[in-house]
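To keep things simple, chains are lettered A, B, C, D and E as they appear, and every chain counts its residues starting from 1.
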């Protein structure tokens, strides 16, 4: 019934494809965190224009499926004369999409911070950038770590969508493998193991940080 | 420490929605002097203090630090954030609820402003923070986080944090509420030294003895109004206003033992 | 999109959208309930159970929904578990969402200052009451945006239900595009429907957020 | 002109969904299959280098339309509707719809036996249409649509389906790989003869390219290359028409 | 109000990691009496108070409320949560940092325990909460959330919240730190009434006058040790221990004005 050799044999090609999963999600995460912080800052800014921009950003990127965003990036940008290599398009799209979710997570955590702490910093004339990076974000990041790790894990899995622009990552490789062996169950389980491995690492880092940064 | 600062408060109103927390406040805080604010709970003392560094936006009137209007460029038009920041750099504040940063140790709490605002190098800031903490008797708690400090220890970190910045104007909101009498004495001495060095101070306090001993002038607030401002001799030792008399009566009864 | 196309595929697409919304709503509500339960057991339960739930969280959270659904639907019969597409889809969605919700609740709980829970304990409140009256309302303040976030992500996970032949929106859109080659229109329809759904969810979330934080974001 | 551009570049950019055995497969990350063998030869005839890209089926035709690649070399069944919208090359394989069942299911022998049964098929394919009309002929067949044939096969193995309809080459390859699970009907085929071919944009600039490929395939049929490739992958040879038509 | 309670503390130790916060504390809090705890910041006063209702687990020794051991069934084995809860229901506490519930109004803060723990109906609880808030002078702030209250107002809500529960034993951790002298006098009166009605009270305070006037016995703590326990006449008015003398000196100097 269940073919263990197929299951084991799948790991070779899938692990090879995991390079791209790691590359796209890794860079996507990095980009998402940076842009997410900026968008979150904009969302909490005093200036209505910034706030509107952030709201629009979040609304668009959460509203339109990542698949569609990728297709837009890859198939529509060339129409207006911008051509990006597949891997760059994938990383940028994934990062930008993640930023919207990350910004919302941080916004929530910041909402739960006692306002007195930012006040104490503002009262001595600290620049907003410093208040942000030294007082607000460190605490918000710790507080939101579980939700953030959630999001990053989702991002690793969502990176499978980049196959539409021709990148052979784990999910795509497993589909290919399933189609040659006609044993999708075995192959998909192998793929699940690889995702699990990556995500366990992420969750582990999250737990570790949570532990270390807890005060 | 630079030149000292003076504060002029003119006809300031402050509303929270319908509720008027400050009513036409007029007060001059002379440079290099200690001004104490006393008055019943909820009378607007904290609100007034917070208006001085514009943490709270006042709705009418003017507050000038060394002649410079704080918060507004012109009536109703806020000043650029950059200028406000600049002005705040010479103003220190100790909050009623301390507002320590929980993710930093006592020492880091004090050093942070020195590094980010005064631009000190890390090592110098750490040394100065240690020095300030020693002054308030916390040499052995420098690497504790606020959650592991007692109430009085937290309050002293807050005081050290403000003092280390060497502001020209210092706003204290009940800086000794969580301190034992001995420490109150010590903080009082620290403040006397600072005053002697020319720092301008505005202190909200419930410790009449503290006010009587350290203040150059005392303001009495009630229900959003500044009822009286004068030397402690007048306001505390020989008050004429019946509200102040009532306010002080229980105090004297209780503290003579 | 021309009128003929709309006439031909409109009802089908609408039905698909209805099923999508139903699956999402049921999956979110049930997943949130299960997640809350998991988070509470993690906080109060006995150690072995907590450990077990940790494994549950990591395994379910760490593997793709597609695979879970595939194993449940196509692998289940191998061990005698035979479900129809819709129940399988709902079960899958609920289980899939629960660890994410559990973690969001956990981070919300962590953000509640210890003193406020102590104050309740000190007067002898039962933990159940503390959870209901203190922990949940205060935990929700920081957790709400993340909850809304994940609910929105779940809307998109519903498209995966198409692989087990649940006739939801994606299934219908794919059908329309393979039959008519109107890929752009098909994707546009998909995007529009999802955008509408997501926008509704985030608006509701924001409204709830302002309601529960109104009294908290004043000076400390 | 597209052909000129390709020649100038020295390469032709293709797209195919690399999980459609035995046509397109990824073996440890290396592309192989009948399509590749065929197109390698075609490219040789054109005198250019082929560039192979793995693009999911759903993104192939849209990508072709916006010019992301020169040709879709995934085997696409020729249908009247598609002929209206795209230019097809001559057929490259037989696509006539066939049936597969679970091994050991003796109740089902010939195609007519599916009357009243549940049959799976890939969504939106030509095979789907043929299965449906065949079902009507037989007086009722429950047709279940799947996103990819993989899921249909999986559901056949899981016992929810009685049979799966697909193109003969695919089903042959499936049964060859998992004889213990799947078996072909006898005969397997039931529908109109249909064919797989490759797809180009329907525009003037593509016409010369289409003709060049047509010529190449004709040459390859003559010198027996097509036959050799078919035998390698399908284990037999079917003579194919030399122009793209659908009855 | 039910029968009054007595607390017996025997050889209690408390460690935070390496740091010993309480050292062999021995103290009897007699029923229906007011016991004040004074001492320098960080000496362990709050910690001791928090051990009494087992918010802090003590590491050695015993604490008995009316003869019943709190927190443990036997040395090292914690008591069932249910029993602990039962015991806590007769113990009230006012926290040094207030710990008000920010999502509830002042009135809701007070009523919550009455409804959930005492089992009162909503309307009755609201009435009793209003009554308690009136007692501490907050009739006009009943429907304000804590974030909109001044420091002293918050503290009074915390006091009202504890008092409304009518516990047999009350633990006050600096209940007047944010209050003005007038209010301190009022709270003192409230406490005197409660004491007269038989409530047992343990009060941590920095207000010596308060301790001198209201306490039946005063304990002086330093560095985790209970240095002296005796009547206020002995500890405050005629101390012999040099540490207490030093502690009180600045106080008297300052408060006589």
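FYI, a residue touches a chain if its C-beta (ideal position, glycine included) is under 8 Å from a C-beta of that chain, and two chains touch if they have at least 3 such contacts.
The chain list, named the UniProt way, goes like this: A, C = Amino acid ABC transporter permease; B, E = Amino acid ABC transporter ATP-binding protein.
Everything numeric here is computed off the predicted structure, so don't read it as measured data.
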A-B or C-D - the one linked by more C-beta pairs in contact: A-B
Distance-maximising chain from chain B - centres being C-alpha averages: D
Far-end chain from chain E, centres as C-alpha averages: D
Inter-centroid spacing, chain E versus chain D (mean Cα positions, whole Å): 82
CA centroid of chain A to CA centroid of chain D, Å: 36
Separation of chain B from chain E, taking each centre as the mean of its C-alpha atoms, in whole Å: 28
Cα-centroid distance, chain C relative to chain E, in whole angstrom: 46
Sequence positions of chain B contacting 2 or more other chains: 55, 97, 99
Contacts with two or more other chains, residues of chain C listed in rising order: 70, 74-75, 78, 141, 216-220
Multi-partner residues of chain A (each touching 2 or more other chains): 71, 114, 116-117, 119, 184-185
Contact footprint of chain B on chain E as seen in their complex: 16, 38-42, 46, 96-97, 141, 148-153, 156, 174, 177-185, 188, 206-210, 212-213, 232, 236-237, 246-251, 253-257
Contact set on chain A toward chain D in their complex: 12-13, 16-17, 71, 74-76, 78-79, 163-166, 168, 172-173, 175-185
In the complex, chain C residues that touch chain E: 113, 115-116, 118-127, 129, 133-134, 137-138, 141, 212, 215-220
Partner chain D, residues of chain C touching it in the complex: 70, 73-78, 82, 162-165, 171, 174-175, 177-179, 181, 183-184
Chain A-touching residues of chain C, taken from the complex the two chains share: 58-59, 61-68, 70-71, 74-75, 78, 100, 103-104, 106-107, 110-111, 141-146, 148-150, 152-153, 156, 159, 187, 190-191, 194-195, 198-199, 202, 209, 213, 216-220
